[in-house]
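Contents: one structure, followed by commentary.
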Amino acid sequence: MTLSDYLSVLFLLAGALFFLAGTVGLLRFPDVYTRLHALTKADNVGLGLIVIGLAMQAESFASVGKLLLIWLLVLLAGSSISHLIAKKALQKGVRMWRR
Amino acid sequence: MEALSLLQWLIDGLIGIGLLWLAWRALFCPELFKAIVLFIAFGLLMTLAWVRLKAPDVALAEVAIGAGLTGALLLSSWAKLRGFDANKGMGAREKNSEQAEQKTKRPFFHGLYAIPLLLMAVGLGYGVLQLTPYATGLSAVVAENLDASGVSNPVTAVLLNFRAYDTLLEIAVLLLALIGIWSLGIRPSVREATPDPVLDLLTRFLTPLLLLVSAYLLWVGAHAPGGAFQAGSVLGAAGVLLILAGWRLPLSLAGLPLRITLVAGVSTFIVVAVLTMLGGAQLLAFPPSQASLIIFVLEITATLSIAAILAALFLGSRPDHSEKI
Amino acid sequence: METFYLALVFFLLLNLGAGMWRVLQGPTAADRMMAAQLFGTTSVAVLLLLGQVEGDSALHDVALVFALLAAVTAVAFVRRAWSEPEKEHDSK
Amino acid sequence: MSIAILYALVGIGLFCLGVYALMIHAHLLRKILALNIMGSGVFMVLLALAGRTEITPDPVPAAMVITGIVVAVSATALALALMLKINAITGRAELNDAEEK
């Protein structure tokens, strides 16, 4: 195992951790808005870290480019969709959680 | 090595159990909307199963159609159904789903149905277990003739050369489904409100990307997973996205130009089929020297037709009548 | 390395199973759809990892199409299926 | 038993679940979901049996399944349109043959 292998393992583990955090948040948080917050962590950071980890192992720049494209796409789509869901939920009067 | 194969089994076991569980919940949970979301999730997991079965071509098709188009179709039909119930008044809103639920509460008869089905499952399972554990099927035959087919991806070779008649009939079936829907004379839904700026931006970004990916899949299909179906369904998804964002085909294009696009795939196929027969060969048997070119032409027209048909299937009503509500 | 990737895939799949609870539980339609969204992103990660294990770059294409089409489904949800009010008050 | 056989058994399970749901549900949207799941089960059996090799799997079933997936989506679209039409005419998304009503 070379240094880049260790680094990539590190990134991948960190990514998996964010996915776990996202899932736990989705299950445990009290309302739509906080759950959205948890979901976007998994979407953006979790997948981003996994993409970085895999990009270190990629053979060609083309495949690194494709990996980054996938990440950017999920980033853009995920955040727009989250915005739309949150806005719709506010319009509909889905209650916000208060302690 | 031991840990590796154990992990493989765990992953496949999890996917298999997940598929069965999702199917069960999607079919037997009381709420329709929940059932649809579960079915979408089922389609996504199905994609992973195809990948595990080493069929990336099928995974691509499943992802574009099973996960994308079927989900959008089901969601929009559900919304129309609900909107219809809502129009009839508050009392009727939940009627549909509740009736469905009441009907499932007849366990005695349903238990009787389950017995022959269980027997059938056991019989089929026994049959599968009796099969030889290793079989190569037709892969050797395909590999032998791959050089003469004009492409190097075996699945594309089968779809557009060896069994091109399947594809011919398949595009015809798509067209028939569309004719069926159009002949139902469904009233178009009321024009939607202008999209939110963020959705507008997302659409403007996604549509060119969908076009690009579609063209890429068409090109890559000759030597790697991809091809006319996948490209066509991705292109069709671009159409669905535009329809969702409130865009409609301009009326000047909704007449003849649209119809020509819809039938382009099947008519090119028929012309090629007739020409090959006139050339003294069998139906759709391409001469190896020209096979590559013929497949290229067929794939392009098939992609355009499949995309147009899928988008039109999603729209549901005839686009040239959409203004007369 | 391969074992590690597969272990990661297994872990992510377990995550998916846990996330399914939110689809079943709801309570609003948005919650269910969000869980499906997480399902999509996790599957993209799984596809990328499997692509690395099998050395098959075609799986990157599958992941790309997956990300694109998941967005289309989500748009369908926001534009069509969730236009009805959640509670009993009618806006139309 | 190999992984391919595992998936073939899952496919049989999906098919039977689909048939059962098709028989007991009255709501047409459920029936359409059931038909789709039956189809997925059949595709899975086909591809699993094609995957019974160490080398690259048989491409012919894969091509057939791709065709099948596209046909399934067009059939689903037609079925959904028919369901909406039935709902518009009778007010219920169900077929009332041999009804109590």
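A, B, C and D are the chain letters, set down in written order, and residue numbers restart from 1 in every chain.
Here, a residue touches a chain if its C-beta (ideal position, glycine included) is under 8 Å from a C-beta of that chain, and two chains touch if they have at least 3 such contacts.
This one's a predicted model, so the numbers in the text were calculated from it and none came from an experiment.
Ranked by how close its mean Cα position lies to the mean of all protein Cα atoms, the top chain is B. The chain pair sharing the most C-beta contacts is B-D. Chain B and chain C have centres, each the mean of its CA atoms, that are 18 Å apart. Rounded to a whole number, the gap between the C-alpha centres of chain A and chain B is 28 angstrom. In whole angstrom, the spacing between the mean C-alpha positions of chain A and chain D is 32.
Chain contacts: chain B has residues 8, 52, 54, 69, 78, 199, 202, 206, 209 touching two or more partner chains.
For chain D, no residue reaches two or more other chains under the stated contact definition.
The residues of chain C that reach two or more other chains are 33, 35, 57, 61, 64, 68, 70-71, 75, 78, listed in rising order.
Shown are all chain pairs that touch, namely A-B, A-C, B-C, B-D. On chain A, the positions that touch chain B within their shared complex are 73, 76-77, 80-81, 83-84, 87.
The part of chain B that touches chain C in the complex is made up of residues 3-4, 7-8, 10-11, 14-15, 18, 22, 25, 29, 33-34, 37-38, 40-41, 44-45, 47-48, 51-52, 54, 56, 59-60, 63-64, 67-69, 71-72, 75-76, 78-79, 82-83, 86, 90, 192, 195, 199, 202-203, 206, 209-210, 213, 216-217, 220, 224-226, 230, 234, 237, 240-241, 244-245. Contact residues on chain D toward chain B in their complex (touch as defined above): 1-10, 12-21, 23-27, 29-30, 32-34, 36-37, 40, 43-45, 47-67, 69-78, 80-85, 87-88, 91-94. For chain C in complex with chain A, the touching residues are 1, 4-5, 8, 11-12, 15, 18-19, 21-22, 28, 30-31, 33-35, 37-38, 41-42, 44-45, 48-49, 52, 57, 60-61, 63-64, 67-68, 70-71, 74-75, 78, 82, 85-87, 89.
Contacts from chain A toward chain C in the complex involve residues 1, 5, 9, 12-13, 15-16, 19-20, 22-23, 26-27, 32, 35-36, 39, 42-43, 46-47, 50-51, 54, 57, 63, 66-67, 69-70, 73-74, 77-78, 81, 84-85, 88-89, 92-94.
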